[in-house]
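All remarks here apply to the structure that follows.
The letters A, B, C and D name the chains in turn, as written, and every chain counts its residues from 1.
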Amino acid sequence: MTEKNGKPDENCLEDLQRDLRRFSAVREWDQFHTPKNLAIAVSVESGELLEHFQWLTAEQSANLSADHLAKVRLEIADVLLYLVSLSDKLGVDLVAAAFEKLEINAKKYPVELSKGSAKKYTDL
Amino acid sequence: MTEKNGKPDENCLEDLQRDLRRFSAVREWDQFHTPKNLAIAVSVESGELLEHFQWLTAEQSANLSADHLAKVRLEIADVLLYLVSLSDKLGVDLVAAAFEKLEINAKKYPVELSKGSAKKYTDL
Amino acid sequence: MTEKNGKPDENCLEDLQRDLRRFSAVREWDQFHTPKNLAIAVSVESGELLEHFQWLTAEQSANLSADHLAKVRLEIADVLLYLVSLSDKLGVDLVAAAFEKLEINAKKYPVELSKGSAKKYTDL
Amino acid sequence: MTEKNGKPDENCLEDLQRDLRRFSAVREWDQFHTPKNLAIAVSVESGELLEHFQWLTAEQSANLSADHLAKVRLEIADVLLYLVSLSDKLGVDLVAAAFEKLEINAKKYPVELSKGSAKKYTDL
(Lines give C-alpha, C1' and ligand atoms only; values in the text may rest on other atoms or scores of the structure.)
Protein backbone atom coordinates (compact mmCIF):
# COMPACT_ATOMS: atom_id res chain seq x y z
CA MET A 1 0.00 0.00 0.00
CA THR A 2 1.25 3.44 -0.84
CA GLU A 3 0.86 6.53 1.29
CA LYS A 4 0.77 10.18 0.41
CA ASN A 5 1.39 12.87 2.98
CA GLY A 6 0.96 10.26 5.66
CA LYS A 7 -2.52 9.33 4.46
CA PRO A 8 -3.19 6.18 2.47
CA ASP A 9 -4.61 7.21 -0.89
CA GLU A 10 -6.93 4.20 -1.09
CA ASN A 11 -9.85 6.31 -0.04
CA CYS A 12 -9.10 9.00 -2.56
CA LEU A 13 -12.35 8.44 -4.41
CA GLU A 14 -14.41 9.27 -1.34
CA ASP A 15 -15.30 12.77 -2.53
CA LEU A 16 -16.58 11.40 -5.79
CA GLN A 17 -18.46 8.70 -3.92
CA ARG A 18 -20.08 11.27 -1.65
CA ASP A 19 -21.15 13.44 -4.61
CA LEU A 20 -22.60 10.38 -6.36
CA ARG A 21 -24.60 9.47 -3.26
CA ARG A 22 -26.14 12.91 -3.19
CA PHE A 23 -26.78 12.86 -6.91
CA SER A 24 -28.69 9.61 -6.61
CA ALA A 25 -30.47 10.50 -3.35
CA VAL A 26 -32.03 13.75 -4.53
CA ARG A 27 -33.29 11.98 -7.67
CA GLU A 28 -34.62 9.03 -5.63
CA TRP A 29 -32.67 6.66 -7.82
CA ASP A 30 -31.45 4.30 -5.10
CA GLN A 31 -34.47 2.11 -5.82
CA PHE A 32 -32.94 1.37 -9.25
CA HIS A 33 -29.36 1.12 -8.04
CA THR A 34 -29.24 -2.49 -6.93
CA PRO A 35 -25.77 -4.03 -7.24
CA LYS A 36 -27.08 -6.13 -10.13
CA ASN A 37 -28.30 -3.08 -12.04
CA LEU A 38 -25.10 -1.15 -11.36
CA ALA A 39 -23.02 -4.07 -12.64
CA ILE A 40 -25.15 -4.00 -15.79
CA ALA A 41 -24.52 -0.26 -16.06
CA VAL A 42 -20.75 -0.73 -15.79
CA SER A 43 -20.93 -3.24 -18.63
CA VAL A 44 -23.23 -1.12 -20.82
CA GLU A 45 -21.00 1.94 -20.41
CA SER A 46 -17.91 -0.16 -21.18
CA GLY A 47 -19.60 -1.17 -24.42
CA GLU A 48 -20.21 2.48 -25.29
CA LEU A 49 -16.56 3.18 -24.58
CA LEU A 50 -15.46 0.28 -26.75
CA GLU A 51 -17.72 1.40 -29.61
CA HIS A 52 -15.38 4.36 -30.13
CA PHE A 53 -12.49 2.01 -30.93
CA GLN A 54 -14.49 -0.60 -32.86
CA TRP A 55 -13.21 -0.02 -36.39
CA LEU A 56 -9.93 1.74 -35.61
CA THR A 57 -6.55 0.18 -36.18
CA ALA A 58 -4.24 -0.06 -33.17
CA GLU A 59 -2.34 2.95 -34.52
CA GLN A 60 -5.45 5.05 -35.02
CA SER A 61 -6.56 4.25 -31.47
CA ALA A 62 -3.33 5.79 -30.20
CA ASN A 63 -3.84 8.95 -32.25
CA LEU A 64 -7.38 10.10 -31.57
CA SER A 65 -8.44 13.54 -32.74
CA ALA A 66 -9.12 16.09 -30.00
CA ASP A 67 -12.84 15.81 -30.70
CA HIS A 68 -12.82 12.03 -30.53
CA LEU A 69 -10.71 12.01 -27.37
CA ALA A 70 -13.15 14.38 -25.66
CA LYS A 71 -15.96 11.88 -26.29
CA VAL A 72 -13.88 8.91 -25.19
CA ARG A 73 -12.93 10.79 -22.01
CA LEU A 74 -16.56 11.13 -20.98
CA GLU A 75 -17.28 7.46 -21.71
CA ILE A 76 -14.35 6.49 -19.50
CA ALA A 77 -15.84 8.75 -16.83
CA ASP A 78 -19.20 6.99 -17.08
CA VAL A 79 -17.58 3.63 -16.40
CA LEU A 80 -15.82 5.02 -13.32
CA LEU A 81 -18.99 6.67 -12.00
CA TYR A 82 -20.91 3.39 -12.04
CA LEU A 83 -17.93 1.49 -10.70
CA VAL A 84 -17.73 3.85 -7.74
CA SER A 85 -21.48 3.57 -7.13
CA LEU A 86 -21.35 -0.21 -7.28
CA SER A 87 -18.39 -0.31 -4.89
CA ASP A 88 -20.21 2.00 -2.52
CA LYS A 89 -23.33 -0.20 -2.47
CA LEU A 90 -21.21 -3.28 -1.80
CA GLY A 91 -19.01 -1.61 0.81
CA VAL A 92 -15.92 -2.20 -1.33
CA ASP A 93 -12.93 0.12 -1.04
CA LEU A 94 -12.32 0.39 -4.76
CA VAL A 95 -8.74 1.68 -4.73
CA ALA A 96 -7.58 -0.66 -1.96
CA ALA A 97 -9.06 -3.54 -3.99
CA ALA A 98 -7.17 -2.38 -7.07
CA PHE A 99 -3.82 -2.28 -5.25
CA GLU A 100 -4.54 -5.73 -3.83
CA LYS A 101 -5.46 -7.14 -7.25
CA LEU A 102 -2.30 -5.69 -8.72
CA GLU A 103 -0.27 -7.63 -6.15
CA ILE A 104 -2.18 -10.81 -7.02
CA ASN A 105 -1.51 -10.20 -10.71
CA ALA A 106 2.20 -9.72 -9.99
CA LYS A 107 2.27 -13.26 -8.57
CA LYS A 108 0.13 -14.74 -11.37
CA TYR A 109 2.40 -13.18 -13.96
CA PRO A 110 6.03 -13.57 -12.81
CA VAL A 111 8.27 -11.27 -14.84
CA GLU A 112 10.52 -14.06 -16.11
CA LEU A 113 7.57 -16.07 -17.48
CA SER A 114 5.38 -13.31 -18.85
CA LYS A 115 7.97 -10.91 -20.30
CA GLY A 116 6.88 -9.91 -23.80
CA SER A 117 4.10 -12.49 -23.81
CA ALA A 118 0.34 -11.89 -23.98
CA LYS A 119 -0.44 -15.41 -22.78
CA LYS A 120 -3.02 -15.90 -20.05
CA TYR A 121 -1.49 -16.97 -16.73
CA THR A 122 -3.15 -20.36 -17.09
CA ASP A 123 -1.09 -20.90 -20.25
CA LEU A 124 2.27 -19.69 -18.93
CA MET B 1 -14.03 20.37 -8.02
CA THR B 2 -13.36 19.32 -4.47
CA GLU B 3 -10.14 19.79 -2.58
CA LYS B 4 -8.62 17.85 0.27
CA ASN B 5 -5.91 19.28 2.45
CA GLY B 6 -5.41 22.00 -0.10
CA LYS B 7 -4.74 19.52 -2.88
CA PRO B 8 -7.32 18.66 -5.50
CA ASP B 9 -8.08 14.95 -5.26
CA GLU B 10 -8.46 14.53 -9.00
CA ASN B 11 -5.01 13.06 -9.24
CA CYS B 12 -5.61 10.66 -6.40
CA LEU B 13 -5.16 7.64 -8.63
CA GLU B 14 -1.64 8.67 -9.58
CA ASP B 15 0.01 6.13 -7.25
CA LEU B 16 -2.00 3.34 -8.77
CA GLN B 17 -1.21 4.65 -12.24
CA ARG B 18 2.50 4.73 -11.47
CA ASP B 19 2.48 1.16 -10.12
CA LEU B 20 0.59 -0.01 -13.21
CA ARG B 21 3.14 1.62 -15.50
CA ARG B 22 5.95 -0.23 -13.76
CA PHE B 23 4.00 -3.49 -13.79
CA SER B 24 3.54 -3.25 -17.54
CA ALA B 25 7.03 -1.93 -18.28
CA VAL B 26 8.97 -4.74 -16.59
CA ARG B 27 6.82 -7.30 -18.41
CA GLU B 28 7.24 -5.47 -21.74
CA TRP B 29 3.48 -5.39 -22.16
CA ASP B 30 3.20 -1.87 -23.54
CA GLN B 31 3.33 -3.36 -27.02
CA PHE B 32 -0.06 -4.98 -26.30
CA HIS B 33 -1.52 -2.03 -24.43
CA THR B 34 -2.86 0.05 -27.29
CA PRO B 35 -5.87 2.16 -26.32
CA LYS B 36 -8.03 -0.16 -28.46
CA ASN B 37 -6.86 -3.27 -26.61
CA LEU B 38 -7.25 -1.62 -23.22
CA ALA B 39 -10.81 -0.57 -24.09
CA ILE B 40 -11.48 -4.21 -25.01
CA ALA B 41 -9.99 -5.27 -21.67
CA VAL B 42 -12.26 -2.88 -19.74
CA SER B 43 -15.25 -4.40 -21.52
CA VAL B 44 -14.14 -8.02 -21.05
CA GLU B 45 -13.52 -7.47 -17.33
CA SER B 46 -16.90 -5.75 -16.99
CA GLY B 47 -18.47 -8.87 -18.47
CA GLU B 48 -16.70 -11.02 -15.91
CA LEU B 49 -17.97 -8.74 -13.18
CA LEU B 50 -21.51 -8.92 -14.54
CA GLU B 51 -21.37 -12.71 -14.75
CA HIS B 52 -21.43 -12.81 -10.95
CA PHE B 53 -24.86 -11.14 -10.92
CA GLN B 54 -26.29 -12.88 -13.98
CA TRP B 55 -28.89 -15.14 -12.37
CA LEU B 56 -29.35 -13.31 -9.07
CA THR B 57 -32.48 -11.46 -8.14
CA ALA B 58 -32.10 -7.80 -7.25
CA GLU B 59 -32.42 -8.79 -3.58
CA GLN B 60 -29.80 -11.52 -3.79
CA SER B 61 -27.42 -9.09 -5.47
CA ALA B 62 -27.67 -6.84 -2.42
CA ASN B 63 -26.93 -9.71 -0.04
CA LEU B 64 -23.86 -11.45 -1.38
CA SER B 65 -22.11 -14.03 0.77
CA ALA B 66 -18.66 -13.06 2.05
CA ASP B 67 -17.09 -15.51 -0.39
CA HIS B 68 -19.04 -14.17 -3.34
CA LEU B 69 -18.33 -10.56 -2.39
CA ALA B 70 -14.58 -11.29 -2.22
CA LYS B 71 -14.70 -12.50 -5.84
CA VAL B 72 -16.81 -9.58 -7.00
CA ARG B 73 -14.40 -7.17 -5.28
CA LEU B 74 -11.48 -8.43 -7.36
CA GLU B 75 -13.50 -8.24 -10.58
CA ILE B 76 -14.34 -4.63 -9.78
CA ALA B 77 -10.63 -4.05 -9.20
CA ASP B 78 -9.79 -5.49 -12.63
CA VAL B 79 -12.11 -3.03 -14.33
CA LEU B 80 -10.49 -0.13 -12.50
CA LEU B 81 -6.96 -1.31 -13.29
CA TYR B 82 -7.64 -1.34 -17.03
CA LEU B 83 -9.56 1.91 -16.82
CA VAL B 84 -6.57 3.59 -15.17
CA SER B 85 -4.18 2.13 -17.76
CA LEU B 86 -6.40 3.28 -20.63
CA SER B 87 -6.69 6.78 -19.13
CA ASP B 88 -2.93 6.91 -18.70
CA LYS B 89 -2.30 5.97 -22.35
CA LEU B 90 -4.76 8.61 -23.52
CA GLY B 91 -3.53 11.33 -21.13
CA VAL B 92 -6.94 11.48 -19.48
CA ASP B 93 -7.23 12.58 -15.84
CA LEU B 94 -9.74 9.92 -14.86
CA VAL B 95 -11.09 11.46 -11.66
CA ALA B 96 -11.32 14.98 -13.07
CA ALA B 97 -13.25 13.52 -16.01
CA ALA B 98 -15.63 11.75 -13.63
CA PHE B 99 -16.39 14.96 -11.68
CA GLU B 100 -16.95 16.77 -14.97
CA LYS B 101 -19.27 14.06 -16.27
CA LEU B 102 -21.24 14.14 -13.03
CA GLU B 103 -21.85 17.86 -13.58
CA ILE B 104 -22.99 17.16 -17.14
CA ASN B 105 -25.33 14.44 -15.86
CA ALA B 106 -26.76 16.84 -13.29
CA LYS B 107 -27.83 19.10 -16.17
CA LYS B 108 -29.11 16.24 -18.33
CA TYR B 109 -31.18 14.95 -15.44
CA PRO B 110 -32.76 17.92 -13.65
CA VAL B 111 -34.07 16.81 -10.25
CA GLU B 112 -37.64 17.91 -10.92
CA LEU B 113 -37.88 15.89 -14.16
CA SER B 114 -35.96 12.77 -13.19
CA LYS B 115 -37.05 12.27 -9.58
CA GLY B 116 -38.05 8.64 -9.08
CA SER B 117 -37.84 7.94 -12.81
CA ALA B 118 -35.47 5.60 -14.65
CA LYS B 119 -36.17 7.24 -18.01
CA LYS B 120 -33.26 8.16 -20.24
CA TYR B 121 -32.66 11.90 -20.51
CA THR B 122 -33.76 11.82 -24.14
CA ASP B 123 -37.20 10.64 -22.96
CA LEU B 124 -37.66 13.08 -20.07
CA MET C 1 -28.56 -33.19 -35.14
CA THR C 2 -32.05 -32.53 -36.34
CA GLU C 3 -33.25 -32.73 -39.91
CA LYS C 4 -36.12 -31.03 -41.68
CA ASN C 5 -37.54 -32.32 -44.95
CA GLY C 6 -34.48 -34.53 -45.27
CA LYS C 7 -32.11 -31.56 -45.07
CA PRO C 8 -30.12 -30.72 -42.00
CA ASP C 9 -31.13 -27.27 -40.84
CA GLU C 10 -27.66 -26.38 -39.59
CA ASN C 11 -26.97 -24.36 -42.71
CA CYS C 12 -30.22 -22.48 -42.48
CA LEU C 13 -28.50 -19.15 -42.02
CA GLU C 14 -26.73 -19.41 -45.36
CA ASP C 15 -29.10 -17.00 -47.11
CA LEU C 16 -28.50 -14.39 -44.45
CA GLN C 17 -24.76 -15.06 -44.65
CA ARG C 18 -24.81 -14.61 -48.43
CA ASP C 19 -26.72 -11.33 -48.19
CA LEU C 20 -24.30 -10.07 -45.55
CA ARG C 21 -21.32 -10.91 -47.77
CA ARG C 22 -22.80 -8.86 -50.59
CA PHE C 23 -23.68 -6.02 -48.24
CA SER C 24 -20.11 -5.81 -47.03
CA ALA C 25 -18.51 -6.40 -50.44
CA VAL C 26 -20.26 -3.57 -52.29
CA ARG C 27 -19.35 -1.17 -49.47
CA GLU C 28 -15.73 -2.43 -49.41
CA TRP C 29 -16.02 -3.08 -45.70
CA ASP C 30 -14.13 -6.37 -45.61
CA GLN C 31 -10.98 -4.41 -44.79
CA PHE C 32 -12.60 -3.49 -41.43
CA HIS C 33 -14.19 -6.88 -40.83
CA THR C 34 -11.32 -8.75 -39.22
CA PRO C 35 -12.46 -11.45 -36.80
CA LYS C 36 -11.19 -9.27 -33.96
CA ASN C 37 -13.28 -6.29 -35.04
CA LEU C 38 -16.36 -8.44 -35.62
CA ALA C 39 -16.01 -9.94 -32.13
CA ILE C 40 -15.87 -6.38 -30.78
CA ALA C 41 -19.00 -5.56 -32.79
CA VAL C 42 -20.89 -8.54 -31.33
CA SER C 43 -19.99 -7.32 -27.85
CA VAL C 44 -20.85 -3.67 -28.53
CA GLU C 45 -24.25 -4.61 -29.99
CA SER C 46 -24.92 -6.92 -27.03
CA GLY C 47 -24.30 -3.94 -24.79
CA GLU C 48 -26.83 -1.88 -26.74
CA LEU C 49 -29.33 -4.72 -26.40
CA LEU C 50 -28.70 -4.95 -22.66
CA GLU C 51 -29.11 -1.20 -22.23
CA HIS C 52 -32.82 -1.63 -22.96
CA PHE C 53 -33.22 -3.86 -19.89
CA GLN C 54 -30.82 -1.97 -17.62
CA TRP C 55 -33.25 -0.43 -15.14
CA LEU C 56 -36.23 -2.75 -15.65
CA THR C 57 -37.40 -5.23 -13.06
CA ALA C 58 -37.58 -8.87 -14.15
CA GLU C 59 -41.34 -8.47 -14.48
CA GLN C 60 -41.10 -5.33 -16.59
CA SER C 61 -38.61 -7.06 -18.88
CA ALA C 62 -41.23 -9.72 -19.60
CA ASN C 63 -43.88 -7.12 -20.42
CA LEU C 64 -42.29 -4.71 -22.86
CA SER C 65 -44.50 -2.19 -24.64
CA ALA C 66 -44.91 -2.74 -28.38
CA ASP C 67 -42.70 0.26 -29.04
CA HIS C 68 -39.97 -0.95 -26.72
CA LEU C 69 -40.14 -4.49 -28.11
CA ALA C 70 -39.72 -3.18 -31.67
CA LYS C 71 -36.46 -1.50 -30.63
CA VAL C 72 -35.23 -4.55 -28.72
CA ARG C 73 -36.02 -6.72 -31.75
CA LEU C 74 -33.68 -4.70 -33.95
CA GLU C 75 -30.90 -4.80 -31.35
CA ILE C 76 -31.22 -8.57 -31.21
CA ALA C 77 -30.97 -8.59 -35.00
CA ASP C 78 -27.75 -6.56 -34.88
CA VAL C 79 -26.12 -9.12 -32.61
CA LEU C 80 -27.10 -11.93 -34.98
CA LEU C 81 -25.86 -10.07 -38.05
CA TYR C 82 -22.38 -9.63 -36.59
CA LEU C 83 -22.38 -13.16 -35.22
CA VAL C 84 -23.13 -14.52 -38.71
CA SER C 85 -20.42 -12.34 -40.26
CA LEU C 86 -17.88 -13.44 -37.67
CA SER C 87 -18.77 -17.10 -38.19
CA ASP C 88 -18.46 -16.65 -41.93
CA LYS C 89 -14.98 -15.13 -41.65
CA LEU C 90 -13.85 -17.95 -39.38
CA GLY C 91 -15.46 -20.72 -41.46
CA VAL C 92 -17.67 -21.70 -38.53
CA ASP C 93 -21.05 -23.32 -39.17
CA LEU C 94 -22.92 -21.30 -36.59
CA VAL C 95 -26.02 -23.46 -36.17
CA ALA C 96 -24.10 -26.74 -36.13
CA ALA C 97 -21.87 -25.23 -33.44
CA ALA C 98 -24.93 -24.26 -31.41
CA PHE C 99 -26.40 -27.78 -31.53
CA GLU C 100 -23.03 -29.16 -30.53
CA LYS C 101 -22.67 -26.73 -27.64
CA LEU C 102 -26.16 -27.61 -26.44
CA GLU C 103 -25.11 -31.26 -26.23
CA ILE C 104 -22.00 -30.26 -24.28
CA ASN C 105 -24.14 -28.19 -21.92
CA ALA C 106 -26.48 -31.14 -21.41
CA LYS C 107 -23.53 -33.13 -20.08
CA LYS C 108 -22.16 -30.26 -17.99
CA TYR C 109 -25.56 -29.73 -16.43
CA PRO C 110 -27.09 -33.16 -15.68
CA VAL C 111 -30.81 -32.78 -14.99
CA GLU C 112 -30.66 -34.36 -11.53
CA LEU C 113 -27.94 -31.96 -10.35
CA SER C 114 -29.03 -28.75 -11.99
CA LYS C 115 -32.81 -28.95 -11.63
CA GLY C 116 -34.11 -25.66 -10.28
CA SER C 117 -30.58 -24.41 -9.59
CA ALA C 118 -28.76 -21.47 -11.17
CA LYS C 119 -25.38 -22.70 -10.00
CA LYS C 120 -22.50 -22.77 -12.46
CA TYR C 121 -21.48 -26.28 -13.48
CA THR C 122 -18.18 -25.88 -11.64
CA ASP C 123 -20.16 -25.48 -8.40
CA LEU C 124 -22.63 -28.35 -8.90
CA MET D 1 -37.03 -12.16 -47.96
CA THR D 2 -35.41 -15.21 -49.41
CA GLU D 3 -37.04 -18.58 -49.92
CA LYS D 4 -35.58 -22.06 -50.03
CA ASN D 5 -37.50 -24.98 -51.48
CA GLY D 6 -40.61 -22.85 -51.40
CA LYS D 7 -40.28 -22.25 -47.66
CA PRO D 8 -39.08 -18.99 -46.23
CA ASP D 9 -35.96 -19.67 -44.20
CA GLU D 10 -36.76 -17.11 -41.51
CA ASN D 11 -37.92 -19.84 -39.16
CA CYS D 12 -34.88 -21.98 -39.73
CA LEU D 13 -33.81 -21.74 -36.11
CA GLU D 14 -37.02 -23.32 -34.88
CA ASP D 15 -35.42 -26.74 -34.25
CA LEU D 16 -32.75 -25.15 -32.12
CA GLN D 17 -35.38 -23.09 -30.34
CA ARG D 18 -37.44 -26.21 -29.60
CA ASP D 19 -34.41 -28.08 -28.23
CA LEU D 20 -33.52 -25.10 -26.05
CA ARG D 21 -37.04 -24.97 -24.64
CA ARG D 22 -36.83 -28.62 -23.64
CA PHE D 23 -33.35 -28.15 -22.21
CA SER D 24 -34.56 -25.34 -19.99
CA ALA D 25 -37.89 -26.97 -19.10
CA VAL D 26 -36.48 -30.24 -17.75
CA ARG D 27 -33.99 -28.28 -15.64
CA GLU D 28 -36.73 -25.92 -14.41
CA TRP D 29 -34.64 -22.97 -15.48
CA ASP D 30 -37.44 -20.85 -16.91
CA GLN D 31 -37.69 -19.14 -13.52
CA PHE D 32 -34.21 -17.67 -14.17
CA HIS D 33 -34.75 -16.98 -17.86
CA THR D 34 -36.42 -13.59 -17.72
CA PRO D 35 -35.72 -11.46 -20.79
CA LYS D 36 -33.53 -9.23 -18.62
CA ASN D 37 -31.39 -12.15 -17.45
CA LEU D 38 -31.12 -13.59 -20.96
CA ALA D 39 -30.00 -10.20 -22.30
CA ILE D 40 -27.33 -10.19 -19.58
CA ALA D 41 -26.32 -13.70 -20.64
CA VAL D 42 -25.93 -12.63 -24.28
CA SER D 43 -23.66 -9.82 -23.15
CA VAL D 44 -21.61 -11.96 -20.75
CA GLU D 45 -21.06 -14.63 -23.41
CA SER D 46 -20.10 -11.95 -25.95
CA GLY D 47 -17.47 -10.81 -23.48
CA GLU D 48 -16.10 -14.35 -23.21
CA LEU D 49 -15.97 -14.52 -26.99
CA LEU D 50 -14.17 -11.19 -27.19
CA GLU D 51 -11.64 -12.27 -24.55
CA HIS D 52 -10.19 -14.70 -27.10
CA PHE D 53 -9.27 -11.80 -29.40
CA GLN D 54 -8.24 -9.33 -26.70
CA TRP D 55 -4.48 -9.18 -27.27
CA LEU D 56 -4.32 -10.45 -30.87
CA THR D 57 -3.39 -8.27 -33.79
CA ALA D 58 -5.90 -8.07 -36.62
CA GLU D 59 -3.73 -10.48 -38.59
CA GLN D 60 -3.47 -13.00 -35.77
CA SER D 61 -7.24 -12.90 -35.33
CA ALA D 62 -7.61 -14.03 -38.95
CA ASN D 63 -5.19 -16.91 -38.45
CA LEU D 64 -6.30 -18.74 -35.33
CA SER D 65 -4.77 -22.10 -34.52
CA ALA D 66 -7.12 -25.09 -34.80
CA ASP D 67 -7.21 -25.35 -31.02
CA HIS D 68 -8.01 -21.68 -30.55
CA LEU D 69 -10.65 -21.75 -33.27
CA ALA D 70 -12.38 -24.71 -31.61
CA LYS D 71 -12.72 -22.66 -28.41
CA VAL D 72 -13.90 -19.56 -30.24
CA ARG D 73 -16.47 -21.67 -32.09
CA LEU D 74 -18.09 -22.78 -28.85
CA GLU D 75 -18.14 -19.22 -27.50
CA ILE D 76 -19.90 -18.08 -30.66
CA ALA D 77 -22.38 -20.91 -30.12
CA ASP D 78 -23.08 -19.72 -26.56
CA VAL D 79 -24.00 -16.26 -27.80
CA LEU D 80 -26.41 -17.76 -30.36
CA LEU D 81 -28.01 -20.09 -27.80
CA TYR D 82 -28.90 -17.21 -25.48
CA LEU D 83 -29.95 -15.02 -28.39
CA VAL D 84 -32.38 -17.72 -29.55
CA SER D 85 -33.72 -18.17 -26.00
CA LEU D 86 -34.20 -14.43 -25.57
CA SER D 87 -35.97 -14.15 -28.94
CA ASP D 88 -38.20 -17.06 -28.00
CA LYS D 89 -39.22 -15.45 -24.69
CA LEU D 90 -40.01 -12.17 -26.46
CA GLY D 91 -41.84 -13.80 -29.38
CA VAL D 92 -39.29 -12.39 -31.81
CA ASP D 93 -38.60 -14.20 -35.10
CA LEU D 94 -34.85 -13.82 -34.94
CA VAL D 95 -33.97 -14.49 -38.57
CA ALA D 96 -36.82 -12.39 -39.97
CA ALA D 97 -35.64 -9.56 -37.71
CA ALA D 98 -32.09 -9.92 -39.04
CA PHE D 99 -33.22 -9.69 -42.68
CA GLU D 100 -35.31 -6.66 -41.81
CA LYS D 101 -32.42 -4.97 -40.00
CA LEU D 102 -30.15 -5.63 -42.94
CA GLU D 103 -32.60 -3.76 -45.18
CA ILE D 104 -32.65 -0.86 -42.71
CA ASN D 105 -28.85 -0.81 -42.66
CA ALA D 106 -28.77 -0.76 -46.46
CA LYS D 107 -30.75 2.50 -46.34
CA LYS D 108 -28.69 3.97 -43.48
CA TYR D 109 -25.47 3.20 -45.34
CA PRO D 110 -25.98 4.04 -49.04
CA VAL D 111 -23.20 2.46 -51.10
CA GLU D 112 -22.03 5.73 -52.61
CA LEU D 113 -21.59 7.38 -49.19
CA SER D 114 -20.21 4.50 -47.17
CA LYS D 115 -17.92 2.81 -49.68
CA GLY D 116 -14.58 2.13 -48.04
CA SER D 117 -15.52 4.18 -44.97
CA ALA D 118 -15.96 2.97 -41.38
CA LYS D 119 -17.87 6.11 -40.40
CA LYS D 120 -21.07 5.76 -38.42
CA TYR D 121 -24.18 6.61 -40.45
CA THR D 122 -24.73 9.71 -38.31
CA ASP D 123 -21.37 11.04 -39.57
CA LEU D 124 -21.79 10.24 -43.28
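We take it that a residue touches a chain if its C-beta (ideal position, glycine included) is under 8 Å from a C-beta of that chain, and two chains touch if they have at least 3 such contacts.
Since the model is a prediction, treat every value here as computed from it, not as a measurement.
Two chain pairs, B-C and C-D, are compared here, and C-D has more C-beta pairs in contact (counted per touch definition above). Same-residue interface: chain A and chain D share over half of the residue numbers found at their contact.
Between the CA-based centres of chain B and chain C the separation comes to 28 Å, rounded to the whole angstrom.
Here the spacing of chain C and chain D, counted between their Cα centres, is 2 Å.
In chain A, the residues that touch at least two other chains are 32, 37, 40, 43, 46-47, 50, 53, 55-58, 118.
The touch graph of these protein chains is complete, with an edge between every pair of chains. Every residue of chain C that touches chain A in the complex is listed here, in rising order: 32, 37, 40-41, 43-44, 46-48, 50-51, 53-55. Chain B contributes residues 2, 4-5, 9, 12-13, 15-16, 19-20, 23, 26-29, 31-32, 34-37, 39-40, 42-43, 46-47, 49-50, 52-53, 56-58, 61-62, 64, 69, 72-74, 76-81, 83-84, 86-87, 89-90, 92, 94-95, 97-102, 104-106, 109, 111, 114-116, 118 to its touches with chain A in the complex. Residues 40, 43, 47, 55-58, 118 of chain D are the ones that touch chain A when the two sit in their complex.
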